[in-house]
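A quick write-up on the structure given underneath.
Which chain is which? They are A, B, C, D and E, in the order written, and residues in each are numbered from 1.
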Amino acid sequence: MVVNCAAYAGGRRVADVSIEEIGQALKQDDRFVWIGLHEPDAGLLGQVQLAFGLHDLAIEDAHRAHQRPKLERYDGSLFVVLRTAQMNRDQRRIDFGETHLFVGPRYVVSVRHGASLSYADVRVRCESMPQLLGQGPGFVLYALMDFVVDHYFPIVDALEDELEALEDQIFGDTLSRETTRRIYELKRDLLEVKRAVSPLVDVCNRLIRFDLDVIPEVTRPYFRDVYDHVIRINEIVDNLRELLTSALEANLSLISVSQNEAMKKLAGWAALFAVPTMIAGIYGMNFRWMPELEHPLGYPLVMGVMLGACGFLYYQFKRSGWL
Amino acid sequence: MVVNCAAYAGGRRVADVSIEEIGQALKQDDRFVWIGLHEPDAGLLGQVQLAFGLHDLAIEDAHRAHQRPKLERYDGSLFVVLRTAQMNRDQRRIDFGETHLFVGPRYVVSVRHGASLSYADVRVRCESMPQLLGQGPGFVLYALMDFVVDHYFPIVDALEDELEALEDQIFGDTLSRETTRRIYELKRDLLEVKRAVSPLVDVCNRLIRFDLDVIPEVTRPYFRDVYDHVIRINEIVDNLRELLTSALEANLSLISVSQNEAMKKLAGWAALFAVPTMIAGIYGMNFRWMPELEHPLGYPLVMGVMLGACGFLYYQFKRSGWL
Amino acid sequence: MVVNCAAYAGGRRVADVSIEEIGQALKQDDRFVWIGLHEPDAGLLGQVQLAFGLHDLAIEDAHRAHQRPKLERYDGSLFVVLRTAQMNRDQRRIDFGETHLFVGPRYVVSVRHGASLSYADVRVRCESMPQLLGQGPGFVLYALMDFVVDHYFPIVDALEDELEALEDQIFGDTLSRETTRRIYELKRDLLEVKRAVSPLVDVCNRLIRFDLDVIPEVTRPYFRDVYDHVIRINEIVDNLRELLTSALEANLSLISVSQNEAMKKLAGWAALFAVPTMIAGIYGMNFRWMPELEHPLGYPLVMGVMLGACGFLYYQFKRSGWL
Amino acid sequence: MVVNCAAYAGGRRVADVSIEEIGQALKQDDRFVWIGLHEPDAGLLGQVQLAFGLHDLAIEDAHRAHQRPKLERYDGSLFVVLRTAQMNRDQRRIDFGETHLFVGPRYVVSVRHGASLSYADVRVRCESMPQLLGQGPGFVLYALMDFVVDHYFPIVDALEDELEALEDQIFGDTLSRETTRRIYELKRDLLEVKRAVSPLVDVCNRLIRFDLDVIPEVTRPYFRDVYDHVIRINEIVDNLRELLTSALEANLSLISVSQNEAMKKLAGWAALFAVPTMIAGIYGMNFRWMPELEHPLGYPLVMGVMLGACGFLYYQFKRSGWL
Amino acid sequence: MVVNCAAYAGGRRVADVSIEEIGQALKQDDRFVWIGLHEPDAGLLGQVQLAFGLHDLAIEDAHRAHQRPKLERYDGSLFVVLRTAQMNRDQRRIDFGETHLFVGPRYVVSVRHGASLSYADVRVRCESMPQLLGQGPGFVLYALMDFVVDHYFPIVDALEDELEALEDQIFGDTLSRETTRRIYELKRDLLEVKRAVSPLVDVCNRLIRFDLDVIPEVTRPYFRDVYDHVIRINEIVDNLRELLTSALEANLSLISVSQNEAMKKLAGWAALFAVPTMIAGIYGMNFRWMPELEHPLGYPLVMGVMLGACGFLYYQFKRSGWL
């Protein structure tokens, strides 16, 4: 589906064009075309390929989706794959999508697949800064990448919150299977975000350093900015992973501590009951000659001894932390 | 065994030739020969070596098999070793095979060992794209590598399914020795896939970047495609390994939690039985003077106390999660 | 807020200037201006940007804060981000702040955010060494970085002390949940210090090696000094992390040892009570014909046997370390 | 001890010489000398040093042994240290030895220390391939390295077998301390093999790539072959180490599972015995008024209740896997 | 304190000089001065700085100590920091010291801090090899580094012995908290040795490879020797660390095994006592109509049943390894 297709000159939108009119629109040298597609079918992609002379392999990638983030260079043009992400708060799940960008000296084509926000906002923002948009397709590439990367910040924030909630659970009193499951799921989410973001380090690096015709020198510092954000997201994710590993170990440690406590409680109470049971057993024996049994104070004395022993044990166990 | 041997010119199959006729077939400058062998004996390999002037060491490797994936350059020709893999669903096992490719300016020789699909499909697909096949042996090399690498995707999918099944088992109720064994076996499979695929990262890199005569410039982007797939398989495998490590830890953690629960249940029920047993023991003592024993309501009262104590303990243990 | 703004010539402070007078102050070729700002608002930053022609992106970074430490080069000037840290001893917490430095051939601008000491001390120290300050803004950059980095030493010292306290707790007798929590929190602090300091390795490296106009050759060895300190802090932190991992494992190990001991104590005492209880049970049976019951010495003998058995068991358990 | 000392020309042995005659033997330009020494004393080494002008430091290394594998270049000659290994099947131990090779344009000196096979076989094999031996000392170096490296394959096979045996033990029923000890010892063996083989990756790399006079261009591919073997041994060892780590974890996991089962069995049987004991205790009380005691069916009924309760519990525990 | 200060020419000591006479001593072109200082005060360092024109930063480092090992180049001279180590066998502790070396074309200054042997031995050894000492300050640097590095061998030997002692403890019968503590302390020692030695890899590398005026070409191979020793110490330490990790895991594993055994013993004995106690309880019931009680053989039969049950259980438990 064609979401948007416009021609720009000198940083300003000069015309809305249809796919068919692109050739016409590009006749004027100072113009470039910015097309936004959403899950296009093969036919539409074919038209676009024809219009700009895109490489077969890149088109195939854009059609199939499920690529990893990458930057590829075909003659004078760039093909960029980005993974987009959105927090699905209802189901506590991250939805991932994919965006493919074809950037040539006089065109930008964005192809969205799966979960992602519309890039209409990016277009509006770019159009409000004509002096920057005037730098051409390279700046549009920056604006789109910046938009995609910035949308990872709320996600890593949510993952940080989740870790904090887990810490509270681990170091709180409740010890549940649920904690372990959530640690595992957080680990899985982190790995997926990592996979989506970490290849961008290399992509940005190449955009900053390599001699790419479509990125004018003046646009480079902007990619350094994206690079910085990618590095930061990466760092936060690595940090969370390392903390999560420690949290898992702390969890295991505390489960053992708790088991220790249960064991000691078990031992303590067992001893506390065993003593009077044993004494009672002794005076339940049927020997003919057991003088204590005959004595009128035998019963209260034995009861006293039992209570005393239990009390003494209870005090001892309490003091040494077994009960 | 010679599976197939044909001469190509301008991207089209021009003749089926026998090993003996190769010299004849190559007399015309625009032709190249594509030979497919399956577990050839020393004699056949010798003939092929002679026909194309292959290096002793490469032939030795191709004969012995059990090489690791690699790319070697001998003067003007390339020697590529690939590991092929097939899921053996009956025995839940991955079968590995090996393919050796000799690629020169005017020949491609593929030598299959062990489990692998026939490359007849690749040949058919290549012959249906004459404009690409016209790029010569370099494109055939791509087509074969692409075929081999793409067959790893169903395998890593199966491994991903296995991990999901394991997760269900770990976080489900059942706690069995079997789970640990399957985690271990999945780890072993992952390591083997890793060993088969990861050397290809370097192989592809060299095919893309280095100045190799047999790979024309126009064929390079295709190897970038294979490279991409290899990287993706690698990433999935690494991801699975890291998740598996977490799964193992989660498993250990949950075993401990379950032990904790068993321990608490044990302690709780022990206490529940110990109390009436102790009381009964006391009133089983044979003291002459025990007024409670004489009282007509003694028995029902004591029974009431027992029941009350047990009920109270049961309620307490339930509330604190020990039972 | 403008904390300080002065012009320097030949290593000496020649005039205090306001932001508005900067243009005036720089008319003399041998002068440079050193400005200290504290959490400036957008307006003030705008003035400074205008005065020195700073890049939009750098100013944006300086305004938003929450950057990672980095060094960026814009034409003839440098933009440096540092993370500052202060031990908050009351709350046993490390407070982090941020400092941004703009360094050009004839100006240094420092922008402080969050927790950090004032750089007034640095200014005083620099002014007391005119021959060094005479090297220009490059030396001021060194002095500020040195000051920031040196303030990490008391922090890593405090973390080392914390680890020692934890070791005492782990290998001492007390086994508490608190220990695990503190290990975890120390780990988190270490990770944060690491994140603040480790990017400086690369920053210093570039300041030492790259050809940067604002760093005169004679100032380079001073950055090597900062580099050394950064490496040392990094090493200490890595060391602490590795020791902490071992400490966590040792902790887990000792929890298990302690559980083992509790288990053995439980088993030992259970056996010690079970024996007389069993014997007493036997002589509590109501068989008509039990000769021992009739014997006058039956009771004392059985009591003797009970005591003897308990004594023997107690001795055995003591010897083998179960009690 | 001099094991063998011969002069070669054109790939054929032309004369057996003594150490003293070396000078004489080398007078003819096309000859080179190949000497095999076994644990030589200082005097003999001195003679050899003198004959070929070897460097003091290399001779010192060769005398002291206990070097790590390395390749050093002294002017026109090479000094190579290899670690040799032999499986000592009786004592289930790997014996390591050391071989030092001095390779110059016209000589090869091998010095064996400790456990290693004689290189007589290598000499015989070389002499049977005159066209290859004619490449000179470089080819002899290859032949010796190939021999040493190939003897690591049976060792890593034995280690693989050991791991399989351990897997059977771990996942079998038997749970013993012995398993843990053997895992640890296998780990130690793997580390030692790793240390002996992994430096050879770098050594081979330099022999393949660097411009070394004593290695003619035509001999290079042979070192690539050794390189391949070294990489494969390294990979197998790394693989085994990673599997071993998993095996250790699986072992720990299964110990815990087994503990869990023991715990549940303990709890189950304890409950099974506690119920009738409690009931018996109740009817052992001496209350005057306990109507059940008077009833003729009291005893059989109570026995029935006991059996019923035990049966019910047994069934329940069996069903839930506690017994 | 000045320990020694002498002028050398042609590899021979020509004069003992005082700090004041250095200028005089260096007037002759072929001479160099070798000074040994021990914890000098600021004044003495100042004199030395003046005499040779040393850099402020290097002097500051030498005064403060607590540097990490490093090599720094100041114009024509080198500044080397080494960490020295000595085994303190009484307190089973490693004492670390520091040595700073200033090496110029015509001087060597060594500054010792903390625990370290005197370098008098090095001086004696050097003076006994005039042909080597004649290579100048570069050779003295080698001799000092070699001396420092070689003194790490007895230390790593001691650490290896400690690990072996720990292995005996772990796999022996005794299971103690002490073992865990010693593992931890060994880990700490290893980390400290690592930190002292590993930076020397890079230092040696630069001394071997970089073009440093003060190291003549002929002296280079000697630094390769030091490099080799450093690599070996590093390898041994890494090896020990990895083994230690496995030892810790094996320890944890064996603690669990031991716990398992205790648990089974507990369960076994509990069952063994529970059976007769239960039977005795049954025949201790006060039912009027219990025919067994009346039978003259009731008592011996029941006792026989008890013994038989216990015997049977004991045999079963023994067979299955629970007792």
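We adopt the following convention: contacts are C-beta pairs under 8 Å (C-beta built on N, C-alpha and C of every residue); 3 or more make two chains touch, one makes a residue touch a chain.
Quick caveat, the model's predicted, so the values are computed rather than measured.
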Through how few touching steps can subunit B be joined to subunit C? 2
Walk from subunit D over to subunit E along touching chains and report the minimum step count. 1
Subunit A and subunit C: spacing of chain centres that average the CA atoms, whole Å: 25
Whole-Å distance, subunit C centre to subunit D centre, using C-alpha means? 41
For subunit B, which residues are shared contacts with two or more other chains? 252, 256, 259, 263, 266, 270, 274, 277, 281, 284-286, 290
Round the ring, starting at subunit C and heading to subunit E first, what is the chain order? C, E, D, B, A
In the complex, subunit A residues that touch subunit C: 167, 171, 221-222, 224-225, 228, 231-232, 235, 239, 242-243, 246-247, 249-250, 252-254, 256-257, 259-260, 263-264, 266-267, 270-271, 274-275, 277-278, 281-282, 284-290
Mind listing the subunit E positions that touch subunit C in their complex? 55, 57, 67-68, 70, 72, 74, 175-177, 180-181, 183-184, 187-188, 191, 195, 248, 251-252, 255-256, 258-259, 262-263, 265-266, 269-270, 273-274, 276-277, 280-281, 283-286, 290, 292-296, 298-299, 302-303, 306
